[in-house]
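One chain, chain A, links the two complexes that follow: it is found with chain B in the first and with chain C in the second.
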Partner chain A sequence: MAYALIALGFVLALNAAGAVNFAHGDLVVLGGAVAVVAGVSLGLPGLALLPVVAVTLGAAGFVAARVAILPLAGRPPEATFVATIALAAIVEHGLTVGLGAAPLAAPSLVGSGSLEVGGLALGRQPLAILLVGGALVTAVWFLLERTQTGRRMRAVSSDRYMARAIGIPAARYIALSLALAGALAGIAGLLLGHQFLVAPTQGAGHMLKAYIAVALGGWGSVPGALLAALGIGFFETFVSAGLGDAWASAALYVGVLAFLAVRPQGLFGEPAGRRA
Partner chain B sequence: MTATPLDVGDFTVRAGEIVALLGGNRAGKTRWLETILGFRPAQKPVVLFGQDVSHLPVERRVTMGVGYVPAGRRVFAGLTVRETLEASCWLPAPARRRLVDEMLALFPMLGARPQARAWLLSGGQQQMLALARALMNRPRLLLLDEPALGLAPGVVDGLLGHLRELAGNGMAVLLAEQRAGLALRVADRAVVLSRGRILRTAPAAELAGDPTLADLMAEG
Partner chain C sequence: MRPLDLFWLVVLLLPPVLALTVLPPFGQRMVTLVGVYALMGLGYQFVFGQLGALNLAQGALFGVGAYVAALTSPVLGFLALPAAVLAAAVPAAMVAGPVLRLQSHYFALATLALASLVNLVAVNAESLTGGANGISGFASSLPRGTTLLMMVWACLIAGVLLAAHLFRGSLGEGARLLREAPLVAATLGLDGGRWRLVAFVAGGAMAGLAGAFSAAVSGVVSPDVTGFSIMVLCLTSVVIGGARHPMGAVVGAMLAVCLPEMLRDFQGAWLLAYAAATLAVVLWAPAGLAGAIDRLRRLPAPAARPAEMPARLPAVGGPRRLVLDRVVKRFGGVDALAGVSFALERGEIVGLIGPNGSGKTTLLNVVAGLDRADGGTIALDSVNLERLPPHLIARQGLGRTFQTPMPEGESRASDLARAVSTDAAFLLLDEPAAGATDREREQLAMTLRRLRDAGRGIVIVDHDIDLLTRVCDRLICLDGGRVIASGRPAEVRADPAVRTSFLGLPAAAA
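The block that comes next holds the complex of A and B.
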C-alpha cells in the first residue's frame, strides 16, 4: 500500500510536469526523516505525525516545482531530469550530513502488536498502513475526478498551453500537483520507515519501484500505476516469504521484463501518447 | 462597455462583427492570435475591451472575456465532454452547471454524449467541443484558428451558422482561415496577411469579388 502511495505521487508529478521527477524517491526518504526527527525529538505520537509529514513534504514538493521544474518548463524534458537528479542528490547528501548514514526507525502509527480478527492475527502497523493508504488513494481519486480543482489539474496535465488558453494559471496548478505528490511521498516514507527504517540512500530504490509501477501500469495512467504498485508489493511479499529477499528482487525484475515484452504499453495503455 | 473588444493597432474587431484573418499556410495567422492571447510578445500594444493588456499573462487576458479555439482543436484527451466544459468555466458552481446544460443543448452533437472522453469523439464533435469550451466563460471576443479544417461540409455549415448567431448576439469574432471563400461567407471585414505582415484590410464583399485575392493569398 505504501508503494501505491509512492507510485500515485510519482504519476501525478509526472503528468503535471510532463517529465519524470527523479527526486521523488528522496522525498519519500525525507518524509521518513521528518517522521524520525519529529517523532523522536519532539515525542509526537504516530498519528500526529501524519499531518506534520504531509505539510512539510507538501512544501518540499512545492519548492521542487519552483526550483527544478517550472523554470525549465520551456525546455526539453531532459533538462528537468538533470535538475531533479541534482535535487535528489542534494536531499540524499543533506540527510547523510544531518542525520548520519545509519538507518533510523520511524515511530509506528498506532503502536506495535497485533489485533485478533476472526482468528487471524493482524499486525497493527500493516493494518494502519492499509487504512491510511486506502483513505489517501480514495481522497486523491475524489479530488481528481469530482472537483473543479482536480479537473483543472488534469486539463493542465493533458495540454498545458490549452489549459492556459481557457484561463487556468498552469504554473500554480503544476506546483499544486507537485505539492500533493510530495505529501503522498512523505506519508509513504513515514509508513515504510517503521518496518524498513529510514536511510539516506533508499531514495533510488523507491524511485525505481515507482518508475516500474508506472511503466507496468501504462505510462501516465493513474489507476494503472496504483494497480501495478499493489501488484509489486504483493509479489515481493509472497516471493520473499518463499524464496528470500534477494531472489524476490531478481524475480521481480525478470517478471517486469517478461510482462513488458508481452505488453509494452503496460496495463492501461498510454493515455496521452507521451513518453519521457 | 462600448469599448472595442480588440485593437491591435493595425486592425480592430468591434462587437457584433466577424473579421476574417486570411492568409496561406505560413502567413502568420496563428502567430497573430497567439500574440493577442499573450503566448508571444507583441510589437505594438494589444488592447482588449479598451485596456492595454500587454503586461498581462495569457490566463488573465482569457478571463477578461476572450474565447480561443486553437488550430487542431486541442481537446483535453482524458476529460469527458462535461468535465471539459466545467473546467473551462469560472462562474460559481450553480451558474456553471446551468451553462454546461445550455451548451449541451446548443450543440446536440455534444449533448448526445456528455460522458464521452474527448479523444473518443469524432473530428466534428471535437471541433464543437473546442468551440463550446471557448464559450464557457461567456466571452465577448472569440478567436478561432482554422476551425473548419478537416470537417465535413455539413458540419462546416453548422459551425459557420453558430458563428453568425454569436456575432448576432453581439460577440466580436476573429476567424483565421486559409480558405478565403469559406471565411468570406460569414465575415463582415477581412484582413489579408502575408509573411506575418498585413497586406490589406477591406470589407468582405469587396474582397470576395476581387480576382487578385488568390494571388495575395498564394504569396504565403
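The block that comes next holds the complex of A and C.
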C-alpha cells in the first residue's frame, strides 16, 4: 500500500510536470526522516506525525516545483531529469550530513503488536498502513474527480498551454500537484520508516519502483500506476518469501527490461507524440 | 562543437605534466583519478551530451569494468584492461538493440533497471564478486603509479582530441539534428537507432576502461563502484563541466576530485555542494563551466552553421518515378487521405493545393514515412516505401522539408538546402514560401527551376497559388483527402470544383 502511495504521488507529479521527477524517492526518505526527527525530538505519537509530515513534505514538493521543474518548462525533458536528479542528490547528501548515514527507525503509527480479527493475527502497523493508504487514495480520487481544484489540476496536466489559454494559472496548479505528490511521498516514507527503517540511500530504490509501476500501468494513468504498484508489492512479497529479496528484485528488473523490449510503447501504448 | 584551442589544449595537458614533474605521489594519484572520471564522463557525453538521451547505465558499466579488471588481472595481467573494455561493451551492445528504440522516459527507466541489476549481482553473487566485501589483492598485476597515470591520460587525451575532431564536422551536425529535430534527421536519412547504438557502445566501452583504471588506482573493488552514486557523480560532473563541450568531462572531473579535498573537514558536504552546483548549472548555465569559461574568454558561442544551397546543382541519378496508388490514412474516424493516387517523374514540379485540412501535409508525411499509410501503395520505381522507416525512405532518394519547428537559428532556406544536399531524387517541400518576402519567393522559384533542370522531382505544398502557377508543371488539388482536380496550372485554377472549394470564387470564371 505504501508503494501505491509512492506511485500515486509519482504519477501526479509526472503528469503535472510533464517529466519524471527523479527526486520523488528522496521525498519519501525525507518524509521518513521528518518522522524520525519529529517523533524523537518532539515525542509526538505516530498518528500526530501524519499531518506534520504531510505539511512539511507538501512544502518540499512545492519547493521542488519552484526550483527544479517550473523554470525548465521550456527546455527538453532531459533538463528536468537532470535537475531533479540533482535535487535528489541534494536531499540524500543533506540527510547524510544532517542525520548520518546509519538507518534510523521511524515511530510506529499506532504502536506495535497485533490484533485478532476473525481468527487471523494482523499486525497493527500493516493494518494502519492499509487504512491510511486507502483513505489517502480515496481522498486524492475525490480531490481529482469531484472538486474544481482537481479538475483544474487535471486540465493543466493534460494540456498546460490550453489550460493557460482558458485562464487557469498553470504554474500554480503544477506547484500544487507537486506539493500533493510530496505530501503523499512523505506519508509513504513515514509508513515505511517503521518496518524498513529510514536511510538516505533508499531514495533511488523507491523512485525506481514507482517509475516501474508507472511504466507498467500505462504512462500517466493514475489507476494503472496504483494497480501496478500493488502488483509489484505482492510480487515482491511472494517471490522474496520463496527465494529471497535479491531474487525478487532481480526478477522485477529483468521483467521490466523484457517488458520494454517486447512493448517499447508501454503496456497500453501511448497517443502519438513525445512525452517524458 | 568547437575545436580545441590553445587554451584548452594547455588545460588538457597541464595536469599530467605537472603530476609527472612536480607533484608528490598523493597529487599524482589525484591527477590519475581525474583522468579516470574524465574518461567515464567523456564516454557519457556521446549518448547524453551529443544525442540528448538520459542513459543511467554508465555507472554500472564502469563497475563492470572494475570487477572484470579485478577478476581477470591475476591471470591476464595488463590484458585485463582490454578485457574490461570488452566486458562493458558487450552487454551494452546486447541490451542496446531493444533499449535504444525507446522514448526518452522508457530509455531512462530501462538503463536504470539494467544498472540496478548489475548492482544486485555485485552485492549478491558472493562467490564471484566477494559480495559486500568486494575483491582486493589484485593491484600488483595491474599498472601502478606513474605508468598508470600516463596510460590513463594518454587514453583521455587521445579520446578528447578524437571526439573534438569527430564532432566538429558533419558528425556533430548529425548529432545536433538527432537531438533537436529527430524528424528532420530521419528525413535526411540519419538512422537514429544506429547512432545511439554506436554512441552507447562506445561510451560504455570507455566506462569499462575507466572502471578498470579505477580498480588499478584503488586496489579494491566493492559493490559501491556499480552503485547509483557513481552514476550520479558521472552525470553531475558532465553537466557541471559542460555536456557538449569537448573539455566538459575533464573540467567536471577536476572539480569532482578536487572538491572533496577542499571540503575534507565537512565529510559528505562536498557531495551536497556538488549536487547544488549541478542544479545551478542546469538552471543558469546550460553550457556548463567549460562553456562559461569560453564566454569569459569572450569566444563567440559555437553557432550552428545553417546549410547553404550549393552554387552548382549537379544532375542527380536514382529512381525515376514516384507513384502513389490509392493511399489511405485515417486518424480515428477521419479519413485524412481517402485514396490518393498520382505519379511524378523526375524533372517535374507538382504543386499540391487545397483548403486547410484537405490532407496536403498528411500526404507528405505518409510519403516520407513519418505517418504510416493505412492502405494503398507508394513506390519509387520498383521499391515500395509504405512500410519503410523514414531514414530508409530518405536513403531511397526522397527528401522533405518541414512547415514548423526548426532547431534554433535555422531558416526554411537552410532546411531546403539541407534536403537538397542529400542528393535526393525527389523532394517534398511543405510550405517553403510561408512567411517569405517577395524577393525570397523569387529566389525560391529560381531554386526550384534549377532543381528541376538538375533532374529532381518536386512536390510542393504552398498557399501562394501564383507562385505555384508560375513554377509548377502540374497542380493537384486535394479536398477532404481526395484529388478533386489535377492537370496544368491554368486548367486546375479554372476547374469549377477547385474554384469553389479552395479559391473561394464562384464556380464559373467571371
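Basically, the second predicted complex is superposed on the first by the 256 of 276 C-alpha atoms of A that agree within 3 Å, B and C clash if a C-alpha of one lies under 4 Å from a C-alpha of the other, contacts with A are read in each partner's own complex, and residues count from 1 in each chain.
As a working rule, a residue touches a chain if its C-beta (ideal position, glycine included) is under 8 Å from a C-beta of that chain, and two chains touch if they have at least 3 such contacts.
This is a predicted model, so every value here is computed, not measured.
J.: Could you let me know whether more residues of chain A are touched by chain B or by chain C?
T.: Between chain B and chain C, the winner on chain A residue contacts is C.
J.: Applying the touch criterion given at the start, work out whether A:Val20 contacts chain B, chain C, both or neither, answering first, second, both or neither.
T.: second
J.: In the superposed arrangement, which partner chain does A:Leu257 touch: chain B (first), chain C (second), both, or neither?
T.: Touch status of A:Leu257: second partner only.
J.: Determine, under the contact definition given at the top, whether A:Arg151 touches first (chain B), second (chain C), both, or neither.
T.: After superposing on A, A:Arg151 lies in contact with chain B but is clear of chain C.
J.: So in the superposed three-chain picture, is A:Ala215 touching just chain B, just chain C, both, or none of them (first/second/both/neither)?
T.: A:Ala215: touches chain C, not chain B.
J.: Kindly classify A:Arg66 by the partners it touches after superposition: chain B alone (first), chain C alone (second), both, or neither?
T.: Once the two structures are laid over each other on A, A:Arg66 reaches no partner at all.
J.: After superposition on the shared chain, which partner residues are touched by A:Asp159: those of chain B (first), chain C (second), both, or neither?
T.: first
J.: Once chain A of both complexes is superposed, is A:Ile168 in touch with chain B (first), chain C (second), both, or neither?
T.: The first partner, chain B, only.
J.: State whether A:Phe81 touches chain B only (first), chain C only (second), both chains, or neither.
T.: second
J.: Under the contact definition given at the top, report the residues of chain A touching chain B in one complex and chain C in the other.
T.: On chain A, no residue contacts both chain B in one structure and chain C in the other.
J.: Quick one: which bits of chain C touch chain A in the complex? Just the residue numbers, please.
T.: Going through chain C, the ones touching chain A are 48, 52-54, 95, 98-99, 101-106, 108-110, 112-114, 116-117, 120-121, 123-124, 228-229, 232, 235-236, 239, 266-269, 271-272, 274-276, 278-279, 282-283, 286.
J.: Under the definition above, what is the set of chain B residues touching chain A in their complex?
T.: Against chain A, chain B makes touches at 37, 39, 57-59, 62-63, 68, 70, 74, 76-79, 83-84, 86-88, 90, 93, 133-134, 136-137.
J.: In their shared complex, at which residues does chain A touch chain B?
T.: 148, 151-152, 154-155, 158-159, 161-170, 271-272
J.: Can you tell me which positions in chain A touch chain C when the two form their complex?
T.: Within the complex, chain A touches chain C at residues 19-20, 67-68, 71-72, 75-79, 81-83, 85-90, 92-94, 96-97, 101, 201, 204, 208, 211-212, 215, 219, 246, 249-250, 253-254, 256-257, 260-261, 264-266, 274-276.
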